[in-house]
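Okay, so chain A shows up in both of these, paired with chain B first and chain C after.
On to the complex of A and B.
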């Protein structure tokens, strides 16, 4: 009897320890978020004292040695690279996701899906290397001449295509999942009034899963916006306002990767890099919040 | 008793297999036009499968093998070269649980009309109103036609699905236990509607409630383990069943 009681106490203590460990883990993960934000904010204060945020965002001269931290060319570079990447990735991913979920025979679907999930997990440096070895010469010798432009191949366009390829598996995988989650009875409802498969896909499947598609795109955007090393390898790395997509450029994330070594020695320049990191952090955060918000609203509206 | 005139649907040696597992076995039935035919039988006996074979809806699932003939209005729809959407347009489907499309109440009914006819806005609105009136939903929704259909109650959604089905002027209504997800009052409304609609449509009702079949059916088909055990006019079927298994089912001995 006594032994049993002792046992009970031990179990209680174990339960207590387990509960608190989990709590600590959760707290640690969520506090980290705020810590990073505070750190970035605090460390970028120095550069904001010297130059106004308006100047930094809209001035086009990036010359840290002269204390000029105009981010405009880099922001434009980031928008161009991310925008073109999504422009390429979204239609191709959607078509492929629809094919996999709705048209492909089960056998092929079972073969393709794990393959795509693996692609989503390939380290980005591998994509960067492949792009450097194959895409850069292709852009230099074939694609740019088609447009009558001369380029080294290390340019915004190359970076955008690389990024598009990296975003494919994410968008495809999430979209396939959401298409497959649509109840078959909903498709039957559409088919049984005499709609063709394509009409059903277009008007019912797409519509019913549009919030998830949007969420997938926003996640893809998050990846594209923050992607660093693969871009760094092929974008050219020159923080000058690009005059065409075949010009070299620079993105926010890639800028940090290329400059942190040389700039960390001087407080003001370090602070400027911290500000760039803060911008990345805030933009990705905003897009995530937007994604969650849209998803929640649409779910309420259509009950899927 | 109505004279059963022409048969709307006949099947000849219909067999259906899912993943090499037979679900429907050599079925030969005749479904009279403009009457209410009830398909009854215990759960899992193939009622829904049989129903969905009529508008070739089984084919969208994987690994289905269908053999035999399904003759609709004298034409074998299983033979090659048919435009499947046209076959399906002839037969509206009402599912167990209502599935309104992810759009407004109005657009749900207009969905089929927009696909099949080039109607101007006024004709479209008139058609939609007519269909909603047919199912007794007009007065309840006329002030909120552009609300999402998902905001309706389940019973209203089921009537909306009925309106969506009759909008494309089918000849047959395939109803797959349409009242099983509804409360008693909503279920009664649907039953009444089906009785009204059978004047203009051939109604095929899959049900597992015997009482419902007794209340509404003109013609009954009894399925058991994928086979037709007995079929015939309702009063004959219920009052004077010939097959011992039918007798057992009617008395509640097998279910």
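On to the complex of A and C.
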């Protein structure tokens, strides 16, 4: 009897220890979240003391030697690269996803999906290398002359196309999943009243899965917005206001990678880069909050 | 009627073109890496470290070993912490509002660019007075992988049938025993997929280890040595014409590792799904 009791106690103690260890791990995740935010804020305070946040965000000169940290050209560069990338990626990914989910024969669908998964797993540095080898000469010699522009190929447009390819697998796999989850009766109802397949897709499939499509696009945006290495390899890395998409530019994430190594000794520049990291973190946070709201509203509206 | 069928045909054509663009980009990436990689890869390339004093001579063994030494311990650590969090997010342990809050923070952390993790670890590193080293690189990768692995595990643990847990409780097992022995086993295919996905992300990420793991021509001898890895080596060498053979070889090996991880996760998922109780 006594032995049994001892055994029971041991199990209870193990339960207690295990549960608390798990609690510590869980708290670690949320502490990490706040710790990143607080540390970045704390380290960027130095540059914020010298210049106001408005000046930093809207001034267009990035000249660390004079203590000028205008982020406007870099923010514009980020918006251009991310925006063009999404403009290319969204229609192509959506059309591919519809083809894979609705039109393709089962055999082809089974063949394509592993390819998409592999594409999602390719490291960003490999994307960057391939863009540098293939896309840069292509833009320099073929695409830019088509528009009558001369460029080195290391420009915002190249970076945007590279990013678009990186975003394809994210949007496609999420959209295919949500298209396949739509009840077949919904599609059949539309087809049975004489709608063509495309009309069914347009009016039934798109509508029913619009929250998931939005979520997929937000996720793709997040990937594009924060991508560092691949962009750094092809964007040119010059923090001046770009006058066309075939000019070299710079994005927020890529700026950290290219500037951190060379000028770490200057505290003000280091602090400015911390501010850039803080901006990245805050934008990601805001878009996540937006995503939660969209999903919540969609759930209310669609009841699922 | 004619207009409608025309619309149908046009969009079908557009879809075909889109799929061709997507598959084409994949073919171009693999073609470029395999053609360039195969011509620059050799036995010396993968069995030698760079010749002393010349980073461009010799092979890339230091980067291969460095990548494995960074990614494998990081994945192990992230997996250990991740499984704890994921099991704890079940209803039995936490109130729903708290687990939803944790899920939200994990989603944000997943979306945080890896360069931010790099900067964050660099700050801590400088604060503690350390130099770039294997240890800091592992920590940066662990932080990067925790949200990915945890969310994957969490999604598969959510699907464990309540009846299975209840039958375990009714036999008198504690919450912890149920979580570790029953839930973990039932959710194993999803957990494994999460771990392999995290490993793939970790081994391919350059931005987080760029400043934290540093650069070295030798295989690291201890946790406090700085080390090269395959992604950072590609990033450092791609623009130098004389460094490109090494960058291609590194990209080739990296792509093969990622491919093997992807195939492995497919095979293992199929294998372990057999043991799951439906």
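Side notes on the structure shown:
Just so it is clear, the second predicted complex is superposed on the first by the 303 of 304 C-alpha atoms of A that agree within 3 Å, B and C clash if a C-alpha of one lies under 4 Å from a C-alpha of the other, contacts with A are read in each partner's own complex, and residues count from 1 in each chain.
Keep this in mind: a contact is a pair of C-beta atoms (placed from the backbone, for glycine too) under 8 Å apart; a residue touches a chain by one contact, two chains touch by 3 or more.
On a predicted model such as this, the values are computed, not experimentally measured, just so you know.
In this overlay on chain A, chain B fits alongside chain C without clashing. Within the superposed three-chain model, A:128 lies in touch with chain C and out of touch with chain B [touch as defined at top].
Touch criterion met: A:106 reaches chain B, while chain C stays clear of it. Look at A:187: by the touch rule set out above, it reaches chain B but stays clear of chain C. By the touch criterion defined above, A:81 reaches neither chain B nor chain C. Of the two partner chains placed around the shared chain by superposition, chain B and chain C are both touched by A:196.
Using the contact criterion defined above for the overlaid structures, shared-chain residue A:215 touches neither chain B nor chain C, since it reaches no partner.
Touch counts on chain A: comparing chain C and chain B, the chain ahead is C.
In the superposition on chain A, contact is made by A:273 with chain C only, not with chain B. With the two structures overlaid on their shared chain A, chain B and chain C come no closer than 9 Å at the level of C-alpha atoms.
Common to the chain B and chain C interfaces on chain A are residues 196, 199. Residues 52, 55, 57, 60-63, 85-86, 88-89, 91-93, 95-97, 99, 101-103, 111-112, 115-116, 148, 150, 161, 164-165, 167-168, 174 of chain B are the ones that touch chain A when the two sit in their complex.
Residues 105-106, 183-196, 199, 203-204, 207-208, 301-304 of chain A are the ones that touch chain B when the two sit in their complex.
Residues 4-5, 7-8, 11-12, 14-19, 21-23, 25-26, 28-29, 32-33, 36, 81, 84-85, 87-89, 93-94, 101-102, 104-109, 111-116, 119-120, 122-124, 143, 146-147, 150, 174-177, 179-180, 197, 200, 203-207, 210-211, 231, 234-235, 238-239, 247-248, 251, 254-255, 258-259, 261-262, 266 of chain C are the ones touching chain A in the complex. Contact residues of chain A toward chain C in the complex are 11-12, 14-15, 18-19, 21-26, 28-30, 32-33, 36, 39-40, 43, 91-93, 95-96, 98-100, 103, 112, 114-119, 121-130, 132-134, 165, 168, 172, 196-199, 219, 222, 225-229, 232-233, 253, 256-257, 260-261, 273-274, 277, 280-281, 284-285, 287-288, 291-292.
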